[in-house]
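Chain lettering (A, B and C) follows the sequence in which the chains are written, and residue indices restart at 1 in each chain.
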Amino acid sequence: MLFQKSLVSIEDVSTEDIEEILKISDSMVKLLEAHKNPHSMDSYVMATLFFEPSTRTRLSFESAMHRLGGSVLSVSDVSSSSVAKGETLADTIRMAEAYSDIIVIRHPLEGAARLATQFTAKPIINAGDGSGQHPTQTLLDLFTIWKEFHSLDGLNVSLVGDLKYGRTVHSLIMALSRYDVNINLVSPPSLRIPDHFLARIPKSKKVRITESLDDVIDSSDVLYVTRIQKERFADKNEYLGLIGSYSIDEVIAGKMKKSAIIMHPLPRVDEIKPEVDFTGNARYFRQASYGVPVRMALISLMMGVS
Amino acid sequence: MLFQKSLVSIEDVSTEDIEEILKISDSMVKLLEAHKNPHSMDSYVMATLFFEPSTRTRLSFESAMHRLGGSVLSVSDVSSSSVAKGETLADTIRMAEAYSDIIVIRHPLEGAARLATQFTAKPIINAGDGSGQHPTQTLLDLFTIWKEFHSLDGLNVSLVGDLKYGRTVHSLIMALSRYDVNINLVSPPSLRIPDHFLARIPKSKKVRITESLDDVIDSSDVLYVTRIQKERFADKNEYLGLIGSYSIDEVIAGKMKKSAIIMHPLPRVDEIKPEVDFTGNARYFRQASYGVPVRMALISLMMGVS
Amino acid sequence: MLFQKSLVSIEDVSTEDIEEILKISDSMVKLLEAHKNPHSMDSYVMATLFFEPSTRTRLSFESAMHRLGGSVLSVSDVSSSSVAKGETLADTIRMAEAYSDIIVIRHPLEGAARLATQFTAKPIINAGDGSGQHPTQTLLDLFTIWKEFHSLDGLNVSLVGDLKYGRTVHSLIMALSRYDVNINLVSPPSLRIPDHFLARIPKSKKVRITESLDDVIDSSDVLYVTRIQKERFADKNEYLGLIGSYSIDEVIAGKMKKSAIIMHPLPRVDEIKPEVDFTGNARYFRQASYGVPVRMALISLMMGVS
């Protein structure tokens, strides 16, 4: 029941809602393959209010709306625009409300999207708020796994890289915890998953914490790689010393099961070598492309039009 | 008869045209409420050329065009784009003419919109030219009052704040002067309405000039509040001394007639307190939302399609 | 056979393809005159990825797509956006591929568009890559001449200005060389056409190289004027000394045949005086407007929908 609801955190979404989103996303994939425009959003306008630029996320939302026949009001960098010059977030949101039917907001501050929902009756989609949430990324991650394995159960999922700061990974872990999965958390000690976060994973899940990719590489069904940012390290030598051991190349990919997939929220820099793009395990580009059908499904459900 | 005409100043528009715009705007409100896209602008393209950013105004125009089924070419900041690098306004306008059917122009210099009309046979809408005109703001102001009181006659309208520099207020006064209204002009002495402007109000109107909001607060039907900009004052103490007396709070709003409305062109900063948003008198958000149906009406009339 | 092909250089296009583009462009002119939207691109999305701003070119492509009923994902300045922050061109192109059906790319570096075609199976249109190619400009130049003279054969075409660096002129010469034309190359010695380029013009063409506009002004059917950029000269006096002799005014235009036309890729600065705009020979604004029907034709052919 997402009709006219906002989506701020993946934890707002029931497991039944996720099931529905996955199924409708799948029908959207078919629609896209058939190159059909359902025109279901013909009389709808979406506003994309980006308080910090994120071209990839913005274009994915805008493509989804266009593929449904809808229109878009695009503000690619609110903070450099005239809006918000001394204006409160409340008033900027009310402006978007006056001109559109659904508001996508990206903001550098955690909690901004939740706050925004208090100023409007129109549905808001959080497209990332600082170190907070980015629920549509999690939905497209789930969809990618589901499309590949026809289920979210019975899988061995390894999350690799920065597990301390990465909001993408945090949300994905919480979402996967609803299903029957084994979770492997692979990171350097300094970027280990925070304890308070670990405590929220249900005891019934099999969780393995390791520093070594080798411990999990051959048993993983999903290898979800994230970026390790140099800025996180006070000691640059520490960074340089470990960056290599979490970088996926052809040799590492070669150790994976044939059916296993490599995912990444993109953009990637060095953590997946370009040579991996041509292996049978690479799924990060397809994962990115699923952003469109998943957001089409979500918009349709929120607008109550399908 | 707005067909294929430009709209540079509210004074270009006959009283009959205003009546027509109000009526069609009203039918556009109904269309929006029914969430119907008439597709009347299906084969039309609007160019929004903003020589200075004004996201609020730009999005309002773009929303209006999308709600009619039309397309938009959007240049949110012409001056930072490649166009106009040494190019004359004339050639930039001719470019827009070649690619679109109707051109919305915002420019920091007074007179720019009028000048623009000389270089193209296509209709131009002035979306604000420096201290000059912003006629669609005036039209939506009139529509807001008309929607509320079912008439523009017999009203007591108080304009509050910066009456010296505020182009919004100047245009609104001239437009209201066509109707049977009493006009109260409330401002500090240093921001009094200019004499040459006062001289243009017909003698038949009852005009009251005062520094005190208290003089008019209980008799006003419309309280139109504008921003007092700190930059206008050489003496910052003078600014600080008077800013408070023109700031509307719940107590002041409480002195108003129950049927009276508070308007503001937005964005507001301190001149209306957030607590006022929840009073029955606040109409500034609805006023802003009327920007869409009023611009829909205007575009339809100018393109001759309805 | 442009279906699903990329367009990087005018030399990629066969003479038969050019004929087809000219004919379909002509039917697009009629469509535009009748103000009909064929909706042929209803379920198609175009991404315009501009790694350097070029508002004129961007809007021309976007207008073309809108006139066909299609949608646009617009990135007016990729380099200042989040995309490409350490991301490779390959990954940025793959992002656009995931969200759209056809990708228009403008890049400051020569060869970027060709490189881009290697990372995607979707058609790419080069909208200018540094000193490289800008094939749609050439197509609209050809269309302008063809519309005027109903043929590309039997004409006397004079190219004036910077023939050394001007990519527009280079592409046009190569394209015109396929037809029965006389080519006059008018430039100061320091901006003469490069020898290696001259060598590529078929021996069968009558080519005249001169410094003097007077040598060709009365015999030309087409006078194609380009900008001489001050930056090209180490010696500013040399620039100032010659800039005047290649600047078209009413007197020079008056020496032309009545049927002759003046063209320019725009924007122009001083090389064509505004007074020339009102002569019967000026065609540069119409030329610019043909950017829309020519790009409509091209998009339709590449998408295989008409």
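Before moving on, here are some points about what is shown:
Rule of thumb we're sticking to: a contact is a pair of C-beta atoms (placed from the backbone, for glycine too) under 8 Å apart; a residue touches a chain by one contact, two chains touch by 3 or more.
All values reported here derive from a predicted model rather than from experimental measurement.
Chains making contact with subunit A as well as with subunit B: C. Subunit B and subunit C touch with mostly distinct residues; of the residue numbers seen at this interface, under half occur in both copies.
Rounded to whole angstrom, the centroid-to-centroid distance between subunit B and subunit C, based on C-alpha atoms, equals 41 Å. Touching of two or more other chains is recorded for residues 74 of subunit C. If you check the complex, the residues on subunit A that touch subunit B are 42-45, 47, 71, 73-75, 78, 80-83, 85-88, 90-91, 94-100. The part of subunit B that touches subunit A in the complex is made up of residues 35-37, 52-56, 59-60, 62-63, 66-67, 74, 76, 266-269, 274, 285, 288-289, 291-292.
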